[in-house]
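Paired with chain B in one complex and with chain C in the other, chain A is shared by the two complexes that follow.
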Partner chain A sequence: MTPVLVMRDISKSFGGTTALSAFSLTLEPGRIHALVGENGAGKSTLIKTMTGIYQPDSGEIVIDDRPVTFRGTADAQRAGVAAIYQEPMVFPDLSVAENIFISHQDRPKLINWTTMNDEAAAMIARLGVTLDPRRAAAELTLAEQQTVEIARAISLNVRVLIMDEPSASLSDHEVKRLFGIARALRDQGVAVLYISHRLEEIFALADTVTVMRDGKHISTRPVQEVTQASMIAEMVGRDMAGRFAREPSRDTGERLLNVSNLSRSGAFHDVSFHVNRGEIVCFSGLVGARRTDVGLALFGVEPADSGLVELGGQAVVIANPKQAQALGIAYVSEDRRKLGLAMTEGIAANITLPMLGKYAGAFGWLDRMRELADATAFRKQLNIKAANLTVPVGTLSGGNQQKVMLAKWLNTKPRLLIVDEPTRGIDVGAKAEVHQILRSLAAEGVAVVIISSDLPEVLSLADRVLVMREGRIVGEFAGDAATDEAVMRLAVAAEVA
Partner chain B sequence: MRISLGTLRIIVLLGVFAATVLFFASQIDGYLNARLFNRISGSVAVIALIAVGQAFVVLTRNIDLSIGSVVGCTAYFTGGILMAYPDLPPLLVPLLAMLIGGIFGALNGFLVARFRLPSIIVTLATLAIFRSILVQSSDGSSITTERLPVWLTSFATQNAFSIGELQMRWIVVISVVVVLVAHVFLTRFRAGRQFFAIGSNPDAAAFAGINAGRTIFLAFVISGALAGLAGFMFLSRFGNITVVAGLGLELKSVGAVVVGGVNIFGGSGNVLGVLIGAALIDVIDTSLVRWELVSEFWREAVLGLLILTAVAADTVLMRRLLKRKTDGGQQ
Partner chain C sequence: MRQLRSTLASWEGFLLAVLVLIYLVNALNSAVFLTVGNQINMFQLSVEKIIVALVMTFVIINGEIDLSVASVMGLAACAFGWLVQAGVPGAAAVAIALAIGFLCGAFNAFFIVWFGIPSLVVTLATMIAFRGFARILVEDRGISDFPAWFDRLGQGGFIGPVPFAMVLFAVLAVLAYLLLQRTAFGRKVYFIGANRAVAEYSGLDVKMVKAKIFIASGVVSALAGLLFAARVGAVRGDIASGFELDVITMVLLGGVSIFGGAGTMSGTILAILIVLSMRNGMALQNITGHIQTGVLGVLLILSVMVPIIRETGSRMLARTR
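Then we have the complex of A and B:
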């Protein structure tokens, strides 16, 4: 069959990190092609390159045997390539019909609402769905908004439709309907690229499966020739050189945190675990497994609805971050920009922010000298590289920003430290340093909880690994007994093959 | 029958407007008569024009604070040109005023669209700059009625037609026509819908290949041109133009826009509502002068209170709607 779209040896890197390396992919009309890979394997970059949001550093995109260059999404759309995402991109104030036809340049300048609504209804009907075209998009459910997006794509004569984790926020019933839509498109000759973490969906839907890892193409096979086990092995299979060494545990055996049946409606359910002083416990799982929500609940940002939290043998209620801090809990967010650092402020000001009371004298007058003294100590201890303590942290490298975040929370002298994605987006050297910092904290008797999507990191740091999936803890491993395949198998819910 | 949110808003606004008029009628002797209509309709016409221009800008998630200075400048410059060339064909003069206003608007739009500067800062700066241009060029000397052509100074009171004692001034007719044209453009033309799209979801607009910069630029040009036309009417109504001409109109225009139901965060609204909003604000403003129980110095405070109420009501309404949506999503 003649392929509709071919990506040939596409490479793309950002700063020092390579997101795609000589990646090739061929999409054929009338087929559903699944793409799987771990978090950070480069799937998002691939989609953004296909839809013109990113331009590849090298390699070419070929449509109908002709090389093309996409300067933006409009170019990609003209060539018949469109994408829908987990979070639909709709215009909430506009009606369904308008959302579908908004980017149509070939329609008459004067809108005939009756015709437009009729055409929109017909377009939606082709997907086997009924939806009033006059309703405002803001009133629709996520699944309905997705339907609108798909209808927009087909109205533009889409030939390649990329579906990026479309089922992640949908109910079972809605997923079934989505599958129906995908199959209908396939039967109409569209090439569908389907990306999902849920491996069982791939067997239900796809004709072909491509596995990618670390920005590279690993395999492409007909779905009949793969099993969940073979996919997982290819998704995680790394050579040992990429691994960090393990170190002996500092677990004191003295229990600090005990969590029983913690739940928050719509997020996580019946989460129970414990952490000892000096122990490092890692939460592993896929993006969307709700691990961060558990962290946010323990820090009081989004408190749990029910369940019991005991700290040092006492039942505690954590309703807000201030209470959490008073109890000796610190939380280092994965989102440095939004929840972590004041980017325009200096290192010292960031480090002392949660503890300003410590530096305040009469009338709230701040003792700048003590602030600077403490910040200097942390800078030395954590090896923060910066010209001085007042340069805006926004100008530092990711690794150094992460160290400032750690310093900020270590300054609160926590008993329990929760770190969400401690090394995301930082280079290998800084990564090793951060790992060392976390280990020495455990050695000092701090109970450390790490939420990480980086499996090698988990396997090298964890004294125990807890695996979450869809808001529940689904398995536990001793750190030295965990393997990436075993963890991944639980994370994606594959039956043991 | 299902009433859309937009229609509901207009009905509520009309109700509030009627209640306001009835309230003042009960408080002020001899309030309800044709003279009131004839007097107020002229100033409503001016405010409605600038409010419609403001609505275009607000729909795109921007704001034009310079509008009062633009009105003052165009009134002054148009008057100045007329004093120098009194024989200009009358039909050309309003077009000239729109051109002058459009140039001011284009400057705003260029700065906002080209350099992606926040419009609140850009227009706050140009509010001051345009006013200073007016102060500088007038050099203390004002435009006065007696130095303007008679056709101009009498234009503001000329009737297009009258219904009984209700006189329909030309400026009112022009203003209503502008509102209707704007309404048809915004609801029936593809180009008009892009103003809504950009304000509703800028990211999605970019994904849909809509040229946001061009549309935002156009919004500011429209705002400037309509302020120019309002400046022409201002000149005709008052004749005497001093350096304070048009001062404070930005507050009234933004007030009319949000009271009229345009979402201050862009994406939704209706210029028919804006027209009612302008009328409501002006009725309250002029009636407070005659209401003995309240000092007229409270006028600005009442306007402020009205804006607060409108925005608060709108925000609560939107939250309700969003909540309904998320609840629906979990079924």
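Then we have the complex of A and C:
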């Protein structure tokens, strides 16, 4: 069969990080092609390259045997490549029909509503579902909005439809309907690229499976030839040389944090765990397993509905970050830009922000020398590279921003440090430094909780690994007993092979 | 040398250069410009607006806007006139007018901070409402029999030839500078404006800071309204109408970002001096007020564009590298 789209030796890197390295993929019409890989394997970059959001550094994209260049999503759309995501992108105030035809700028200026609604209904019927084209998109369920997005793609004569984790927020019933749509498209000759963490879906739906890891193509096989176990092995298989060394635990055995049956409706349920002083506990799991929500609850950003949190043997209520901070809890967010640092403000000012009271004298007068002295100490301790401590944080590299964020929270002298994705988007050297910082904090008796989607990082740092899936803790390993495959198996809910 | 270059490269450095240029041109064009009498006159004509500009700097750096300042000025001035006419002693009337400013600010803060309604909407509404109250109190008849000490406050010299309002502005400018640039409160104002979520995650009392700023804005506006009444010696329902735009213009020209988080008090003060000396210089050349306003409009657009042009330029340079 002639392939509709071929990606040949595509490479893409950001700064020093390689997201895709000589990646190749062939999509055939009338086939559902599944793509699997760990968090950070490069799936998002691949999709963005296919849809023209990113331009590859090298390699070529071929459609119908002709090399093409996508300068933007409009180019990709014109060539028949479209993508839908976990969160549908619709215009809430427009009707279903208007949403479907939003991209048809070549139509006459006057809108014939009857025709438009009829055509929209026809598009939707092709997907094997029914939906009133006159309804406002805001009234629709998530699944219905997705249907609208898919219909929009069809109206543009889509030939390659990328579905990126489309089932992540859907109920079982809605997932079935989505599968029906995907199959209907396949039978109409569309090439579907289906991306999902739920391995069982892949067996139910896909014809072909491609595994990618660290930006590289690992294997492409007919679905009949793979098992869950073989897929997981390929997803996590790494050279042992690339691993970070483990160090002996500094666990004091003295319990600092005890969490029992913590729940927040719609996020996580019956989460129970403990952390000792000097211990590093890692939360592992897939993106969307609600690990961050547990962290946010402990920091008082989005408090839990029920459950008990004990700190140093005393039951505590944490209603806001200020209270959390007073109790000696610090939370280093995964989102540096939105929640971590004020990018336009200086390094020293960012570091001292949570502790302003410490530097303020009469009338709130700031002791700027003292601020600078403390910031300088952190700069030395954490090896922060910056021209001086008043430059805006936004001018620093990701690794240095991460260190500033750590400095900011270390300055509060926490008893419990929660770090969400401590090394996301930073280079290997800075990563090793951050790991060393976290280890030495544990050595000083701080209880450290790390939320990380980076399995090698978890396996190298953790004294204990807790695996979360869909808002629940589903397993626990001693750090030295945990393996890539065992953790991944629990995270994706595969039955033990 | 590098110090000098970085000062000039900053927005404040640029404003300073512009200000020196304007002073030079004005001094060369008119023998009157640099006289003490003209300089005092230049400040006195806008002293109420520039006092409000100081507090508006806090509001905008905090990521908000207060459109109701001129209406609060009007309401406080009218309330004062009405009270005096009703036989209330002058000092008590002043106190009540300031209390009204406090309440106006608290009213704004209540809806902005506790209900999360955008300050643009809330203060647009209260701009209309407060002005309405002022007109109800005084209508168009005008009240002008104030106590003699009150008139003297606005019209005579307080220290030598320098009137009270100018001395007050100088004192407030220093205090505002210190508060914004040197205290924990000022630091919070910047961070909340730069990134509210980061401020909240860092345990800052975001709502309290915002409430304080809006209340201060109300009190200072009421004070400015009283000073205006003292200077012109009369109040009317439409007193100080439209002043909010002049105030916001000066603050933005000073390099304060309309998106919050950036700008300095020295920038605002320099912009105030630029606007005043430009208007004064043009007036001395017999250029009409309408043309002066037009020139200021152009200046404001340029002031917003220059940083954008500079940023795009450096981004394009970075891309070619």
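Quick note on the criterion: the second predicted complex is superposed on the first by the 495 of 497 C-alpha atoms of A that agree within 3 Å, B and C clash if a C-alpha of one lies under 4 Å from a C-alpha of the other, contacts with A are read in each partner's own complex, and residues count from 1 in each chain.
Convention: a residue touches a chain if its C-beta (ideal position, glycine included) is under 8 Å from a C-beta of that chain, and two chains touch if they have at least 3 such contacts.
Remember, it's a predicted structure, so these values are computed and weren't measured experimentally.
**Student:** Under the superposition described at the top, does placing chain B and chain C together on chain A give a clash or a fit?
**Tutor:** By the criteria stated at the top, chain C and chain B clash after superposition.
**Student:** Look at A:L339 in the shared chain and tell me whether it touches chain B only, chain C only, both, or neither; answer first, second, both or neither.
**Tutor:** Second partner only.
**Student:** A:K322 contacts which: chain B (first), chain C (second), both, neither?
**Tutor:** The second partner, chain C, only.
**Student:** What is the contact status of A:A443 with respect to chain B (first) and chain C (second): first, second, both, or neither?
**Tutor:** A:A443 sits against neither chain B nor chain C.
**Student:** Applying the touch criterion given at the start, work out whether A:A377 contacts chain B, chain C, both or neither, answering first, second, both or neither.
**Tutor:** Once the two structures are laid over each other on A, A:A377 reaches no partner at all.
**Student:** Now for A:A125: first (chain B), second (chain C), both, or neither, which partner does it touch?
**Tutor:** Touch partners of A:A125: none, neither chain B nor chain C.
**Student:** For A:L356 in the superposed arrangement: first (chain B), second (chain C), both or neither?
**Tutor:** Second partner only, chain C.
**Student:** Identify the residues of chain A that lie in both the chain B contact region and the chain C contact region.
**Tutor:** none
**Student:** Which bits of chain B are touching chain A when the two form their complex?
**Tutor:** 5, 187-191, 193-194, 196-197, 199-201, 203-210, 263, 267-268, 321-322, 324-325, 328-331
**Student:** What part of chain A is in contact with chain B in the complex they form?
**Tutor:** Touching chain B: residues 72-74, 77, 89-94, 98, 102-103, 105, 107-111, 113, 136, 138-143, 169, 171, 266 of chain A.
**Student:** Quick one: which bits of chain A touch chain C in the complex? Just the residue numbers, please.
**Tutor:** 299, 301, 320-322, 324-325, 331, 333, 338-345, 349, 353-354, 356-357, 359-360, 363-366, 368, 408
**Student:** Give the list of chain C residues in touch with chain A in this complex.
**Tutor:** Result: residues 182-185, 187-188, 190-191, 194-195, 197-205, 261-262 of chain C touch chain A.
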